[in-house]
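Each of the next two complexes has subunit A plus one other chain: subunit B in the first, subunit C in the second.
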Partner chain A sequence: MSGARVSSACAAVLRRDLLLAWRRRGDMALPVLYALIVATLFPFALGPEAQLLARIAGGVVLVTVLLAMLLAFDGLFRPDLEDGSLEQLMLAPQPLPLLLAMKIAAHWLTTALPLMVIAPLMAGMYHLPWPAMKVLLLALLIATPLLSLLGAVLVALTAGTRRSGMLLALMLLPLCVPVVIFAAGAVTAAQQGLPWVAPIAWLGAALALALVLAPLACAAALRIALDA
Partner chain B sequence: MTDTSAALLEARGLTFLRRDEPVFGPVDFALRAGEVALIEGDNGSGKTTLMRVLTGLLHADEGSLLLYGEPLSVERASGELAFLGHQLGLKLELSPLENLRVAAGLFGQRKGVSPASALASVGLAGYEHEPVRRLSAGQKKRAALARLLLIPAALWLLDEPYANLDREGIALVNRQVERHAHEGGAVLVTSHGAVTFLNGAYRRIALAS
Partner chain C sequence: MNKLVYWYHKLGSPPTFYRFAGVLRPWCLAIALILAVIGLYGGLYLAPADYQQGDAYRIIFIHVPSAWMSLFIYGVMAVAALVAVVWRMKMAEVIAMQSAPIGAAFTFITLCTGSLWGKPMWGTWWTWDARLTSELVLLFIYLGIIGLFHAFEDRRHGARAACFLILVGVVNLPIVHYSVVWWNTLHQGTTVRIFGKSNITTSMLWPLLVMMFSTKFYYAASLFGRARADLLDLESGKAWVKQIASDEEARS
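And now, the complex of A and B:
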């Protein structure tokens, strides 16, 4: 008999979730389409004035991306909970937080990364200048995994309850606010030619903290959800 | 194994309450390596709940549960036991082979058994690359049974393993269970008691509702 190594277990979980996302790639396109539609509608409502659009560009792109990510959160743990895969994950002789971190990573790769790809396109529609665009992409690169991790904790906390979508949205709102403030703050500062490193550094600090703590919290919450 | 050595799994006065009403218990048993035991009870007598308690996923309210003589926790039990529940833990979009590869990655695999050979021995040769969604209920069950053959766990907890299986499938489960016990493993099987498919005089643990 040969036991499994942690690295091969992590690879197996990551590969499985990426493969599942690929098999259901129609679902993967939904947040991207949603973000594109929302970003396209704003100029129609507000008028095509280039100066105004450039001013709101950072905020619109950030909020759109974060809301689009919200659409996909329900699929993070629920399917695994329903088909018994989560039980198997818990019974595996591997650290559960690490396996869940792999699931969150796969979720980020399949939902946030496509959104990051279209973010320059959306920002371009709003005439966001290139220097600010770079800061926006950097802010998204840090804010989206942070949101994935925070969202995962809340999804895990509400996993035991039925129709948890509404509850999830309400709980995630206060956690989104600081992320949006710091990310948009950095973009605005870059647009005005001010130093923008500080808000990005705050986001980075929060991400470092969430990277360590969120998988642990997810594991504890899901264990409680199954122990009922 | 001698009498002094710790049993693989031992329950002492195990009781589970839901809203202060006992779901089952108190249950006492000891399962040694090489033993097979049948848990019998009517619908709603708490067989599935007992199984989930035995995996360590669910905590009992009273009594104690020992694995190799040490208190059982989900961390301690992980890797030692293989659980087959009503939810099979298979991903419908993936093929049986892909599902088994994930299991092998998580749990490791027995010497001399590969995902493909495990599938062949449950009669799923030729369905390796078919998405599990397209398999029949009985074939899904067989794919889940292949996982038991693949992963190196000493204790099998099988919750209603006969559901959805045809006569050949039932014989297959019995062969698997006997072989596993013969190789030094231990098996707990639940059954609603109307029909018992296991042949041989196995110990029965009755759950009263």
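And now, the complex of A and C:
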């Protein structure tokens, strides 16, 4: 197989997944709606005091986005597993990690990107000031692909099982604790006027590491979960 | 062949392990109980009360050995999981999977005794201290492993998937710990500290060490028992299990 064939296969996987997501645009809106609903409920529970809301804004938006992504993770491999195209992907001569990376990228584009678009809206509802909002968006831009990559490994592990929703949440929690800490830490630091580059740099380092390792781990996990 | 390598390979066979574990288990359990009695007598009766914490500190003799075990068992599971993923050894899968509930139990005991200790000492039964939080995350990792193992129809299939998750956790656990330390120090340092090493005298130290060995032996005994039961289930239908079953039937 030449290099051109690998790149064209990657492009085909990416195009297919994006096209499938576009044909079912309604599904794409669900995580966004879910995030908006969760974000709307917090002020009702905690009271509409602007100062309090501004203080918790970064954390609430991050956790809400994370929960919405968790909801959408089920769609990463399940439809392909059910119609058998995932097996075809595993049998393809091109390296599986690369193809899976394309699938993860498509999933990120269709679920996390819409969430990032409404993140400023949610942060605005919580009266987050503009300088901190910029940091929040930057943190989300790094944290969401990181979560997609980490989540994909675990989704691949549970691919062969029937009831995976709650289990996935349980398995993902330990992995996303550091991500939430650093992302929320950056926003909090920006709100207090402190330097916020260090946590963002940590997140970036983790993203670089995950970009290289997570597709490999995802492929290994998928092979373990699906060989019967 | 090297004798140790030979012995190791032989233990990888379920019938040999079954017999070996059956012989060792009562001894391990007996040693664990005797050491626990000695350790608890030393800790709860002989050791003097702490000048600051009074008698409340005595929970250390349960709390600290449990905390050590929660990490030690994860280490054992990690080694077994690596062997299981790389060489697909059946016994390694059994060891890793049967250790998980014991490890989860020790982690739970650590958290419970920790909060019991924290209430009189710190005035609160839970604080978002780095150590407490990492221990809680460790409990979630254990529960995730157990959950994933049981989510599959096929047991060996589930064991392999769960072993992979154990290895993911090995990478993740230090990251969680250090990020939590970082997170906590960003807000404020803890004002109450668990007393330093210099404070512990030999009369308090030796029961602690005895308890540490006691919990190790208890783990071995519990693991052997669980692994034996699991092997009978896993290998039911094989000739050696049928042999054992018919022997048992003849005896009763």
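Annotations
FYI, the second predicted complex is superposed on the first by the 224 of 228 C-alpha atoms of A that agree within 3 Å, B and C clash if a C-alpha of one lies under 4 Å from a C-alpha of the other, contacts with A are read in each partner's own complex, and residues count from 1 in each chain.
Quick note on the criterion: contacts are C-beta pairs under 8 Å (C-beta built on N, C-alpha and C of every residue); 3 or more make two chains touch, one makes a residue touch a chain.
Note that the coordinates shown come from a computational prediction; the quantities given were computed from them, not determined experimentally.
With subunit A as the common reference, subunit B sits beside subunit C without any clash.
After overlaying the two complexes on the shared chain, residue contacts for A:Leu167 are found with subunit C alone; subunit B is out of touch.
Look at A:Gly185: by the touch rule set out above, it reaches subunit C but stays clear of subunit B. Of the two partner chains placed around the shared chain by superposition, subunit C is the only one that A:Leu157 touches, whereas subunit B remains out of contact.
Remark: in the superposition on chain A the angle formed at subunit A by the CA centres of subunit B and subunit C amounts to 90 degrees, rounded in steps of 10.
By the document's definition of touching, neither partner reaches A:Val32: not subunit B, not subunit C. Once chain A of one complex is fitted onto chain A of the other, the partner contacts of A:Leu67 are absent, as it touches neither subunit B nor subunit C. When the two structures are aligned on the shared chain, A:Ala12 is found in touch with subunit B, with no touch to subunit C.
In the superposed model, A:Leu20 makes contact with subunit B only, not with subunit C. With the two structures overlaid on their shared chain A, subunit B and subunit C come no closer than 8 Å at the level of C-alpha atoms.
In the superposition on the C-alpha atoms of chain A, the part of subunit A touched by subunit B in one complex and by subunit C in the other spans residues 227. Put simply, subunit B touches subunit A in their complex at residues 55, 57-59, 74, 77-83, 85-94, 98, 101-111, 131, 152. Every residue of subunit A that touches subunit B in the complex is listed here, in rising order: 1-4, 8-9, 11-13, 15-16, 19-20, 23-24, 82-85, 87-94, 99, 223, 226-227. Against subunit C, in their complex, subunit A makes its touches with residues 153-154, 157-158, 160-164, 167, 170-171, 173-175, 177-178, 181-182, 185, 188-189, 217, 220-221, 224-225, 227-228. Within the complex formed with subunit A, the subunit C residues making contact are 85, 137, 140-141, 143-144, 147-148, 151-152, 154, 157, 160-161, 164-165, 168-169, 172-173, 175-176, 179-180, 182-183, 186.
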